[in-house]
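Down below are the structures I want you to see.
Okay, so chain A shows up in both of these, paired with chain B first and chain C after.
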Partner chain A sequence: MSVFLQQLINGLSIGSIYALMAVGYSLVYSILNFSNFAHGGVIMLGAYIGLYALHLLPMSFLGALVIAAFGAGLIAVVLEKVAYSPLRKRNAPSLYFIISAMGASIFLENLVIATIGPTFKTYPQIFNPIPFTFGSISVSRIDVLMFVIAAISLAILVFIIEKTKVGLAIRACSYSSRGSNLMGVNVNRIIFVIFLLGGMLAGIAGMLFGMKYTVYPQIGVITNKSFIAAVFGGLGSLPGAVVGSLLLGLIETLSSAYIASQYRDLIAFTLLIVVLVIRPSGIMGKITEDKA
Partner chain B sequence: MKRKVSLFISIMMVLLLALTGCGGGSSGSGDAATDPIKIGWIGSLTGDQAPWGKCESQTVQMLIDETNAAGGILGRQLELVALDTKGDANEAVNAVKRLVSQDKVCAILGPNASAQALAITGVLESAGVSDIATVATNPKITVNDDGSVNEYNFRVCFTDPYQGAVAAGYAADILKYKKAAILYDVASDYSQGFMQYFIETFEAKGGTIVAKEAFKAGDTDFRPQLTKIKKADPEVILMPYYYKEVALSANQARDLGIKATLMGGDGWPSDTLFEMAGNSLEGSYVVNHFDYNDPDVKPLTEAYIAKYGTTPEINCYMVHDAYKVLLAAIEKAGNADPQAITDALTQVEVKGVTGTIKLGEKTHNPEGKEAAIQKIQLNPETGEFEYAFMQKYGAN
Partner chain C sequence: MFSWFYIEGILILVGINLMVVLGLSLLTGFTGLFSFGHAGFMAIGAYVSAICTMNFGIPFYAALLLGGIAAMVASLFIGYFTLNLKGDYFCIATLGFGEAVRLIFDNLQYFGGARGLPGIPLETTLAKVVIINIIGIAAMAFLIKSRHGRNMIAVREEELASQAIGINVFHYKMTSLAISALYAGIGGALWAHYLGFIQPLMFQLTKSTEMTIMVIFGGLGSITGSVVGAFILTFLPELLREFAQWRLVVYGAAVIIIMITRPQGMLGGMEFSLKGIIRFFRKFGKKKGQSAINAPEGGAEG
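Showing the complex of A and B:
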């Protein structure tokens, strides 16, 4: 039983990282109808910004986290201006956006390799490394912290979207950006907000990921999994991204624990394909026809 | 119609330019007795294994500069052509194709990993150019399953079976462990070969493998597997993979309360390892190619630090010995002909920094080298982790 509980905790901890990253994908998809593959690059840069904020400026963890969030938010906004905005003005099909996103992602990774270097960087020890233990179950402090910060950030995001005027506009745009435009919503401003919010979440995710594991230019690769989690939960749906991520984390962990670790990805992704075949819009996604 | 004609003419002009360009190029890289002798190097300058690749290419450059300053070889200067494989087997094949066709190198040093060294076998064979791998330990690089030797693949390091057998022998005979667990990288030839021979030797010596769990390179979380290993309660956990995953999995093992001794091979040593996982690795054992404190090794370490300002990785020493073997072979061949060099590689014996190296004719592996067993310890004076030399140990 204790092994099962430990595995559940392992799964949730992996899932909460996926969740922070997946929400960024969903936010952009809900408005622009394309998958922002440069999100991984922004997460990676967020991890580096957090690291250097801690090293260069004598500041607390929270200060560095705020800098990482705003730094990554700014990068995401700049990326939108450079890589997507020109395409939007020409009404380019979404395939072009995806290609541009992939290009931006490769650009960011190589920029970091060329300037900062390809080697691994480790965060300084900020928190007590000794894990909490309950009997034979152990939970590391950084996992608890990640879970809490992920929950708070997502709660703030949901608050912005559900309770504020900007949030109302975001929801309107996600239903129909053309219609919202006709009703006087400044869609360009909403897209700016979307990228800023998505980028800030990426910065937070990047810094937490870096603290937990390590920082290197290829961190962005892990966002492949979180992207898949977002699709699984329903691209465009924020609760879907969170649920999909936690489920993917749990499925991966439990299949590795109770079936065979070498078949983990095989089992997890077979299951995803089955879910998508039965329900193409994901667990909580809107049916595409209803949306546009 | 007019457009088609002009298109045709422009295509022809481009082709003509390309052809004349090639002609000029090939006459420039001829084999005249005064031209520099080109030596190729391939390895990871970007990607996960970049710290090793960078150190390796810098070392070769340093050694070539030294040779050139001393008058070169056969009265000719040496020139390095170093290409990045990005840690990828396909890129390695592309790099070797370029080295043999465009740069016309006489031989190639590197790469620093087995998968890339395995992938280039076919290109080497069709070009008739030899490669001396540095830390690529998979047995199939030089010897095929049917026992035949790959004519143009050589290496200066020991092999995975040897490493696995040494680790298992040391764990069973010297440390007296009876229960071992293994976490391995299912996508790595290195990890699989190492593991397979560890199991064979450990079981032959009366030990039991209580858990065997896999992950895939690129994974960052190993707790599901480690939770299962913890339940099996081993005395030692073999971690036959590279330092990034070693650091992450060792940290997570300690997080989960696993107290077992950790053990690994030549994929471990790296400066970043201690930075990432110092405390978690204290008391672990590493099967290494040589001992850093060996007096033979120190002058090279000092020369590298003087030139590049950082301590060298293990690849510095391995590529140094590969370079020495190659230089001796060029000298013996008396010219820079790739085939003559290939024939000479098994005919020379050099004293490298990692031991005396004589490549066997039937295996293309160095014969009679012993591994060095090192223990990771905290030095109370410096407050830093270091590799303490335990003993030389050979598999029998």
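Showing the complex of A and C:
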């Protein structure tokens, strides 16, 4: 039982990081209807920005987190302007967007390899490494922190989307971007906001992930997991992305505890295909035909 | 500077890549489906053919074909379940498939596990690669010119409309995926018998991406484009060896620039043909001839 509880907590903490990534990816998908495969690059750069910010401002964790968030948000916006905006103006098919995103992800990853280097880097020890213990369960402080920060960031995002005027416009655009354009919503501005928000979440996710593990140029590969999580929950659905991510985190940790850790990724990918076959729209997704 | 041995090696790699790229060209360029899982098909082809020649003593060409067929069977399985999915869902499903294949080989001790499979007989030579490529290109050109090829293009252009005029969209998507997996499997098999050693790490997502980029660089919907793409993008990294670290940065930037400036690729929708070249030169000659005749007239008028 204690093993189970332990894995449950680990699963929730890693799942919350997946959620931060999947929500950013899902936001872009809900408006632009294409898979932003460059999201992993933004996460990776967020992790590096956080690392260097911590070196600049020693021991100021929150300051570094804010810098990482805004830095990654800025990168996501620039990426949109350079790689997607020209395609958007030409009404290019989503295939071209995906290819452009792949090019961007190769570019970012190798730019970091060429400038910073391919080696693993570790974050400095900020928090007390001694875990909290409740009976036989021990929870590391970073796990708790990951969960709390992810929850706060997502709550802020939900607030923006549900309560503000920009959020209303985002919701309108995700329903029909052409229609909302006709109704006077500035779609270009909404896309700017979307990429900024998604990038900021990516930066936070990258920094937290880097703190728990290490930072390296291929860190963006973990975004594959966030694609899976988004598909679990339903592409383009934000609550779906969160639920899917938490589920994926739980499945991963439980399967590595009870089956074998080397099958962890395999189980995730198999589940992906099973979900797609049984219910392609995911747990909370819209049926794709509804959205032209 | 470049010894023949070195160039021969690169040419063999061009041929191997070209096989996979041809298959992907059919799927992405002609049928309009996007796959992230072709490294998975390559892996299946490579491992199956390697086991065939190593453990069962099956001759090289038969092993190549078996590797291709194994990949094809896997593609039928995955296609049956995922080809009805719309848009990016198929793309993500193939991504999951490719990674799953790699992870399965990672865990199968019979295939050497994560450490890889050494001691594969070195059967791939330049002559064999050239022969297989010529057969592959000819078969592909034949297929695309046929009714089936035109139906695939119809599916790419307008899925609903082609369904309305009685094209079985699912059937053609499936055929396209199966043939492209066959090519990828053979490409993987050639690779295994060229290197003599394979490892699951060699078939990561980046391999799939690399192949897709060759197709796009050459031009969607063009076999000639695929050949040119495979040639240039296999040679280019070799020539840029000195800037080893920066070459992929350039590569990534080039992909973005191509997409936003010339998204149809270098030769999108165009094919090389002798007739076309003759026509081009005739037109060119005519124009020159005409202007030569017209010039004095114009001068007289002015």
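One rule holds for everything that comes next: the second predicted complex is superposed on the first by the 287 of 292 C-alpha atoms of A that agree within 3 Å, B and C clash if a C-alpha of one lies under 4 Å from a C-alpha of the other, contacts with A are read in each partner's own complex, and residues count from 1 in each chain.
Assume a residue touches a chain if its C-beta (ideal position, glycine included) is under 8 Å from a C-beta of that chain, and two chains touch if they have at least 3 such contacts.
All values derive from a computational prediction rather than experimental measurement.
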Which of chain B and chain C A:265 touches, first, second, both or neither | both
Is the number of chain A residues in contact higher for chain B or for chain C?
-> C
Once the structures are superposed on A, label A:221 by its partner contacts, choosing first (chain B), second (chain C), both or neither.
-> both
Which holds for A:86: it touches chain B only (first), chain C only (second), both, or neither?
-> second
Which holds for A:113: it touches chain B only (first), chain C only (second), both, or neither?
-> both
Could you look at A:11 and tell me whether it touches chain B, chain C, both or neither (first, second, both, neither)?
-> first
Return first, second, both or neither, reflecting whether A:138 touches chain B, chain C, both chains, or no partner chain.
-> first
Now for A:253: first (chain B), second (chain C), both, or neither, which partner does it touch?
-> first
With the two structures laid over each other on chain A, which partner does A:179 touch: chain B (first), chain C (second), both, or neither?
-> neither
Under the contact definition given at the top, report the residues of chain A touching chain B in one complex and chain C in the other.
-> 113, 221, 262, 265
Which of the residues in chain C come into contact with chain A in the complex?
-> 28, 32, 34, 78, 81-82, 85-89, 91-93, 95-97, 99-100, 103-104, 106-107, 205, 209, 212-213, 216, 245-246, 248-249, 251-256, 258-260, 263
Mind listing the chain B positions that touch chain A in their complex?
-> 45-48, 50-51, 54, 186, 213-216, 218, 220-221, 223-225, 227-228, 231, 244, 247-248, 255-257, 272, 275-276, 279
Can you list the chain A residues touching chain C in their complex?
-> 29, 33-35, 82-83, 86-87, 92, 94-96, 98-100, 102-111, 113-114, 221, 224, 227-228, 231, 235, 262-263, 265-266, 269-270, 272-273, 276-277, 280, 288-289
Residue ranges of chain A touching chain B (in the complex, touch as defined) | 3, 6-7, 10-11, 13-14, 113, 117-120, 122, 129, 131, 133, 136, 138, 140, 213-214, 216, 218, 221-222, 252-254, 256-257, 260-262, 264-265
